């Protein structure tokens, strides 16, 4: 039986990295490289690589790790390894705007987002019908200032109990605590409804309208402790004119939000994103 | 002989404005409306209109003003009137990056920018050969902190002596004094090499590179006393990836700068821009 | 009570049209013009106008028609009038690709597509769950070459019985007969999965992949008797590269199809589209 | 002294190609890989690679070829090797529209197009002043049906005498004979003023205007014997509306033509393009 897997590597750049890694995979591990892509940041002296390979060997997490560890140690590699037979487990957080959720659920159903959608968490009941229609467990957890800390602890329990690998904030209108964020480093994807770094914070469409911009945007990014400051994964924009009043900006923006969030999730699920220096490398 | 002209109007919105203005032009002034476009800002209760018309009457500035004044006063209109036979007089300011200048000069030569290019002013000599090739008077006026005020006074004299209607800052790397800016309200167009309001100030490409954005932009805007805060006329963006290092951002950005600056100048020359509330209305 | 309505006019261009129409609305009909937009095709000598107005009069279809008819006849206007209180009745046709349907249903639910969704017709059962979830009557009408004519007659009965104003082909994979098309002139909107006129006919993504284009597109258009030749309403494109194999083109294209189809439907519902000379005028 | 070079490889895909090539470069040739990028066409079983490397060895064309030949033969590689110290020699053909020429000349002057611009050939005199301003030899060679064959022979002599590596057709309005095209396979870049394969042949803007498209495009491609059918290198589009009459399409299109042609030339000069199956692979 053929196993396919993805190896993501980042490390200080040095001569011979590609040759050494390719040699290991092909000659020692008898793998067939399906796709390989590298990136170098010359200024910072860093090397990034994504390799997708297939092998007829019995290959599991433990056995690959054991085989690869000596070379990785010798070359000082930072790396992750994922079998494609193990889909990631994903939780979606949402509030009362459901357009991103509806979009993600439909894409998941059609196979565009290969993952296990384990749970949907919301501080509103409005997402329940959609969740149930698509057969995803729905957790209604209202939040007040007084209960916020307890609710977040409950969320962390839910996530842990479901072995969640990735959290998607699909227009979730609550700010996560830094404790929460630090529990899932580079594992929380948010969509912000502006072209970051313009219009951080609340009501970005109102701010864009007031400034009179000629393009509005949306941004998907990993969540870090600093609000709206995490590594940007994807951005897109669309043109607006004087005939677009605030409601039109909001409506046009919804299309952008769906696009940039779904792309970010798809790339994350395919292990196409590496992050460093508060930026991302996207292997296409 | 047929005369064509453009009437630009902004005023508080009220019932019957279009009818009243159209009636005047068609029935009293015997004009043929070639193009009419309106915009209303419902929130602010404002009305904007651009009418392009032709007439076989002897029509000059003074006679139209005399004819239109009573209606304009009755309706409380703020308006400008321009005969298309009178091309605007334009001055270009430039420093050592010449891509926008070369672009504007070529577009002017091919008839895309119908205006009188009266002078090119620079604090460097590098723009002289291009200026001379295209036959535009070139003024080299070096600037130091000590001479800045005197040089600006000299610029104002030059502009006044040439009856300049529009100043184009084609990557001019000096900050204009507020005295200068106030002498030419909504008559100075600048290009800023970022997607405003992101990355105001110096070195926007460096800042964009550091932030890891996935699109870079450029913005043309009217210059006001607040740096990079004037009404935005046009913006455009292009995609970048990890393979684009800083020099690539700068190179890709040059294409955007040319596009957004030349569009702004073309629209201004065609009297297609109205500005209010620090925004612009673009009549297409 | 205030009534709002849209008046769409196309006619041979002549002097004084705007003044005459504005005078009628403001002075005779006591209306408040909310929005007015004109377009002239100088080459063909045609005039197009969209006026959105409000009135406190008792205004219904019959009374407006009676009031406007004399002027319309005098000026040789071709016109349509629609009260905004009367949402259009819409039927969606779909086959087994459900992404456009899911998108339209969600947009309808959130109020972005103000219309009455009367029925969904499909030659497959796969759209039934979504239709039922959103509460729209679903008609499963399988088609074989032998039954095609009878099925189409049944469709026409269904549409007539429901007084359908607009038919949306949301990736409906059957070719409509010219009899069917002629029964709904400029009332059938299709989405074609290419940048028309490139790649007409079947399997446009395969053709685009084979040709090696660097952008793929999608087009929404009114259906006429000639396949893929009707007036184009909207188009959009997205970039592809060598790393995009055929399945990626199809997946990226789905996003474009959703966007261009939903925009076309939204504009049609808002009476923003006029068609002439096999083109469209879109009033924004 | 460090030498940098680019190796472009295409061949049937097989296991171990990356490892073998990397091993040769790093271990046998003592090179430092600056950039490596691969692409596989799974359907056709083909492998493509671009490697940019630096070496402190004395490395010239002959010595590298001798060193690499055994491996290349063993692996059945089709390859090209270029020292970056040897800029390509380029000829530009142009007719009376000069916007692409002016753009290429300015980009060349600023260093964006690192090559030797050896000659400019035109069937009109209008390009002479620009050519002389930028110091590029200009050859005026008028063409009539009677002289076409002789003129082309003269062109081939000029190109051969100047050892031209790349021919850029910057809106050259003459159709090249197949004899001419075959003399420079994948070495002639043309810009076509439409989004190919839509609107092949003459007057594409007229055809786009007549069809009522909502986006217009431009395409740069390698020239093959079939007119407008060669491998596409780059395409771009911009939005048009009913307010854009034919002259506006032509004007907006010029901006696209400049962009797609200059990108194609830049990529060709950097050895970033491989062509197969009438498509291109662009290494970014």
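Lettered A, B, C and D in written order, each chain numbered from 1.
Note that a residue touches a chain if its C-beta (ideal position, glycine included) is under 8 Å from a C-beta of that chain, and two chains touch if they have at least 3 such contacts.
The structure presented is a predicted model; accordingly, all values stated were derived computationally and were not measured.
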item	value
Identity of the chain that, by mean CA position, is farthest from chain B	A
A-D compared against C-D, more contacting pairs	C-D
Rounded Å distance between chain C and chain D, as computed from the means of their C-alpha atoms	42
Length of the line joining the C-alpha centres of chain A and chain D, rounded to whole Å	37
Shared-contact residues (touching 2 or more other chains) in chain D	241, 243, 284
Of all residues in chain C, those that touch chain D in their complex	39, 41-43, 48, 195-199, 211-215, 217, 231-237, 241-243, 245, 277-282, 284
Residue numbers on chain C that touch chain B, as the complex places them	15-16, 18-19, 22-23, 25-27, 32-38, 40, 239
List of chain B residues in touch with chain D within their complex	98-99, 102-103, 106, 110, 112, 129, 133, 241, 243, 251, 255, 259, 284
